[in-house]
Amino acid sequence: MAIFGKKYFKVELDRPERKDDETLWMKCKACGELVFKKRVRENNNICPKCGEYFFLTAPERIELLVDPGSFEDISRPIIAADPLQFTDEDGSAYPEKIKKAQEETGLANEIIIGQARIGGYPVILAVMDFRFIGGSMGSVMGEQICQAIRHAVKERAAFVLISATGGARMQEGILSLMQMAKTASARKMLAEAKLPFISIMTYPTTAGVEASIASLGDITLAEKGALIGFTGRRVIKQTIRQDLPEDFQTDRFAFEHGMVDNLVKREQLRDELIRVLSLFAPLLTQSPAVAIEAHKKEAIV
Amino acid sequence: MAIFGKKYFKVELDRPERKDDETLWMKCKACGELVFKKRVRENNNICPKCGEYFFLTAPERIELLVDPGSFEDISRPIIAADPLQFTDEDGSAYPEKIKKAQEETGLANEIIIGQARIGGYPVILAVMDFRFIGGSMGSVMGEQICQAIRHAVKERAAFVLISATGGARMQEGILSLMQMAKTASARKMLAEAKLPFISIMTYPTTAGVEASIASLGDITLAEKGALIGFTGRRVIKQTIRQDLPEDFQTDRFAFEHGMVDNLVKREQLRDELIRVLSLFAPLLTQSPAVAIEAHKKEAIV
Amino acid sequence: MIYEELQRQIEQLRILSRNGLDLSEEIAQLEAKLAALKRQTVAPAPSPSPATELDDWERVKLARHPKRPYTLDYIKSLTEDFYELHGDRLYGDDAAIVTGLARFEGQTVVIVGTQKGRDATENVKRNFGMPHPEGYRKALRVMKLGERFGFPVITLIDTPGAYPGVGAEERNIGGALAQNIYELFHLKVPVIATIIGEGGSGGAIALAVGDRVLMLENAIYSVITPEGCAAILFRDATKAPEAARALRLTAPHLLRLGVIDEVIPEPPGGAHLEPEMTLGTLKEALQRHLCELLALPVELLLRQRREKFQKMGVYEEIPESSLS
Amino acid sequence: MIYEELQRQIEQLRILSRNGLDLSEEIAQLEAKLAALKRQTVAPAPSPSPATELDDWERVKLARHPKRPYTLDYIKSLTEDFYELHGDRLYGDDAAIVTGLARFEGQTVVIVGTQKGRDATENVKRNFGMPHPEGYRKALRVMKLGERFGFPVITLIDTPGAYPGVGAEERNIGGALAQNIYELFHLKVPVIATIIGEGGSGGAIALAVGDRVLMLENAIYSVITPEGCAAILFRDATKAPEAARALRLTAPHLLRLGVIDEVIPEPPGGAHLEPEMTLGTLKEALQRHLCELLALPVELLLRQRREKFQKMGVYEEIPESSLS
């Protein structure tokens, strides 16, 4: 399991500079103000002027939530295959698409799973990255989620899933659909072990993921500004030939229709998670540090 | 258990004439036609001219449904007490009200429970009589329903509940409310024994009975013309100060809102029950006749 | 008294709406309720009897007192780290029922309670503490969530009853109540129900199938409101005080009838005068009962719960000799 | 072809409405669907390839053939004494899903299937076989009813997908699908799913978590419709035939991918040409699988069901040597 230390899977949380940091300032797409990039990042990728949420990558999400230095990647060393030998009309084959996404994101896959502490409580995180082919769920995501659940059971940690996904990965055809069943089947292991599953829905949480594992949390939180639904707006509009309600599939819509427990501002997500975790504390491994050490030992053996 | 043969509890299904048979003809309240009473009775108390359903007493219901001669009363020898020492404003005490209902109906209570066969299948029937203080549920009904369920388990018979009730019996106050919990708690015994519970809702099935045992059937049938709901129309109208939908709380309303499995015409109720029972046949006592004999023997001992 | 309060709240809403908020619908709704209340409201009750024991009708008024502690007040005072959970995952979220997890004396518990509003705006949101089916379905969902983790359930009941409306009937309110009652008999964790104010009919018992049922001294628990009972049985809604007495809906009566397990005393004049005292007494009682119940094996717990309710009811055995 | 059929059905409705029935709403609805279809509909496919194996797009057209046997046809022919059950007990009854009990070879079974309409009127009622949440909730209710009695579950799937509408989203269609998938893994009776026509995405798999998944030779089962796939990936909905081929949505492909367990052969030209033959073959297969599954202890049954789906998916292991 030494690969966890290797570059390909490791999420570099503490790198001081980023590729896109070519300029120090950026223009907010919401208020139009020029804002200092560093300030934006320090502010959870929220515009310091108007409060607009900018996109968070999976590594940024993890950084935002976990106790500093506590995150350890536990991904299985797998990447997408091409079982359908799928080629888009523009001639680009699926493996090329994957490769491009890997290069653009620096990630091996559309989901990062890892072990961490949040407020001292042991958690297994599974975090999707929307940049990676829309965070769509194919065989790799399905397997990594199952892997995360197995780890949560082994470590007696809470399972925290953070969704940012357009749904199933079309390029894997029926096998991506099957991941709905695969992930749902693993979820029972958490219930049997009396471990909490906290599902966090962000912008967007839709289609095949929303209609499977993301909707099966013990506690379901929606990040403010989330988009939550099964079918896309465009398809619905085309089908019913009517205008959609203004708040359709927004966080508020999901809350009012009983789909989520609470709406949480991004800057409060970590504290909210700690509040929730504290209520399950007696069921989790008492000393998170010990658990991590135990895992490391086993990994080396 | 010799009392089962005694007049007070026995339902006389085969008596040739009735108290109310003072004239041979009656006027249908729906179509206004004069109809021959005997024809009406032979026609399941449905007007032979226009199809209007006339009221069915509990004994009539039983007669309509069971295999001829197969019914045996298994009521507990109990009648209503007066735990609240309840007196209506007109000065009539609850025990007097009970006595009057007994005299008018010839029944000891608002519910008859008995063992019978329907299409040869063993059933335990619990049938409410709306004439008896609106078929309302007090301590006696609660206990008789539990008694019926216990018998169903003992005899491996299907439990068939036929509701005709305005709800809880106010004169027994909180104890009538408690019958909702009491009957619901007994219902599990059927599930544990893998015995079917068929709930038949007729005109009316409302309030405390609708919100407890009547809504807990494996299969729920509504007799055509049934009234099904929790709160009475009058109270709702008074609260919301709006007109109610025309079909509000009708059989069709209940069906369209997913509350019942099927709407069944009175004249088809027996056949429909047999269809349902046949699907559960392997779980019921194989030879109904044997079961009844066994029960009788035990009763004598 | 209640409708004076309501009138005050309508005024308040009108003031609010002058500040640009469109509350016309809410105001119209409240006015309809006010009108309905007026029709039902009774003449002032006679002054309390000289005995120290309060008259039943006085107790009804105390149980409905607008300053009485409500569910959220109890949660705030009895528990720590309350985390509210929302939604039935089927249709909506009903603010007339509050559910969540909290720590009670160090133990994580599920809290479920009906919630009335303190002012007009909140009463519109809370629907005067009258839940819809989605409220009961949320309650069941959260209780089952707690069951998965072994968290005991504490319910707090203060409702005039389930909401009598078209939507509630359309979404099978009767079926929702029945389902809750049924499922509560199979919940594999201790359940303690407390009637803290109004225990209104089916809407109350659907949250009150507990291993223990406690009741505040001035709470009421009844199959029907005194007003409703008077209207039906006495054909005169103004006879509510008489109906209240006839229904035996106060804690001392219910204790005698075997329906509740313990009466939680209140200070003279009602819980709202010295809330801390009542809260302290309730906390002690909850702790004591919870401790007893947590010691029981699950199977015994469930059997006792079932037997407790199986015993409820009073009837007369007919001696065989009296049968012809 | 499909929209010609639809046009015919709209005409039929118009004739009906001349007889005094007000169907204007239904007609408008259908016309909207027709318009949507027209936008999506593709040019006629090329004539079949000379090979005996049908082209994937040909299969799509056969799977959607308006004369193809539908769920109720299978129920009628495969089972006896079918007794339909209705309603989710929560909100409504959805005619796009048919549920009930029936006798299959002497054994009482639960039947659940999506149902398309044969004509315009029935298609309005059946919503073109596209269920709402209440349909899936009804299905779950009835499957759990069957579980209580030990009745095996047979599902028949023929749906373009769950209905893409506002009401469906409001009532949490995603949550309903997720719940069904989850609960199917814990249903303590054998479950055999058969894709008989269209197996459309989440709306299909929510009924297809079976110990065995069978599929008719000319049925399709896909994560997205070919039209939808073409519109998104190729930015051109008329490229549906190409998308159909790319998606590998026919039975032979799915068997190879390990997603289904057995292909039920159809007569040349499709099941509708000789329905009895297909029905007979399916009956034999269902019988055989049911017999095997009924012999398994429940625990093993559930473990195998879970393991079956745990194995699904294809990915590449990265050898450690390739990691920097």
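Each chain carries a letter (A, B, C and D) given by its place in the written order, and its residues are counted from 1.
Following the convention adopted for this analysis, a residue touches a chain if its C-beta (ideal position, glycine included) is under 8 Å from a C-beta of that chain, and two chains touch if they have at least 3 such contacts.
No experiment lies behind these values; they were computed from the predicted model shown.
A.B. asks: Going by the touch criterion stated earlier, list every chain that contacts subunit A and also contacts subunit C.
C.D. replies: For subunit A paired with subunit C, the chains in contact with each are D, in label order.
A.B. asks: Subunit A to subunit B: how many Å between their CA centres?
C.D. replies: The computed centroid separation for subunit A versus subunit B comes out at 56 Å.
A.B. asks: Can you check how far apart subunit A and subunit D are, centre to centre, with Cα atoms defining each centre and the answer in Å?
C.D. replies: The mean C-alpha positions of subunit A and subunit D differ by 31 Å.
A.B. asks: If you average the Cα atoms of subunit C and of subunit D to get two centres, how far apart are those centres in Å?
C.D. replies: The computed centroid separation for subunit C versus subunit D comes out at 46 Å.
A.B. asks: Note the residues in subunit C that touch 2 or more other chains, in rising order.
C.D. replies: 89-91, 170-172, 175, 179
A.B. asks: For subunit A, jot down the residues that touch at least 2 other chains.
C.D. replies: Residue numbers touching two or more other chains: 215, 257-259.
A.B. asks: Treating touching as the only link between chains, describe the layout with one word: line, ring, star, complete or other.
C.D. replies: Contact pattern: none of line, ring, star or complete.
A.B. asks: Got a list of which chains touch which?
C.D. replies: Those chain pairs which touch are A-C, A-D, B-C, B-D, C-D.
A.B. asks: Contact residues on subunit A for subunit C in the complex?
C.D. replies: Residues of subunit A touching subunit C: 191, 194, 196, 215, 218-219, 255-262, 275-276, 278-280, 282-283.
A.B. asks: Give every residue of subunit D touching subunit A within the complex, in rising order.
C.D. replies: Touch residues, subunit D against subunit A: 32-33, 35-36, 39, 162-166, 168-175, 177-179, 181-182, 185-186, 201-202, 205-206, 209, 221-224, 228-229, 232-236, 239, 242, 246-249, 254, 257, 259, 305-306, 309-310, 312-318, 320, 323-324.
A.B. asks: Under the stated contact criterion, what part of subunit C meets subunit A in this complex?
C.D. replies: 81, 83-93, 101-103, 108, 134, 138, 145, 148-150
A.B. asks: Would you pull the subunit D residues touching subunit C in the complex into a rising list?
C.D. replies: Within the complex, subunit D contacts subunit C at residues 89-91, 133, 137, 170-172, 175-176, 179.
A.B. asks: Name, in rising order, each residue of subunit B that touches subunit C in their complex.
C.D. replies: Of all residues in subunit B, those touching subunit C are 2-3, 6-9, 77-81, 83-84, 86-89, 108, 138-140, 142-143, 146, 168, 170-182, 184-188, 206-208, 210-216, 228-231, 235-236, 238-242, 244-245, 248-249, 253, 257-259.
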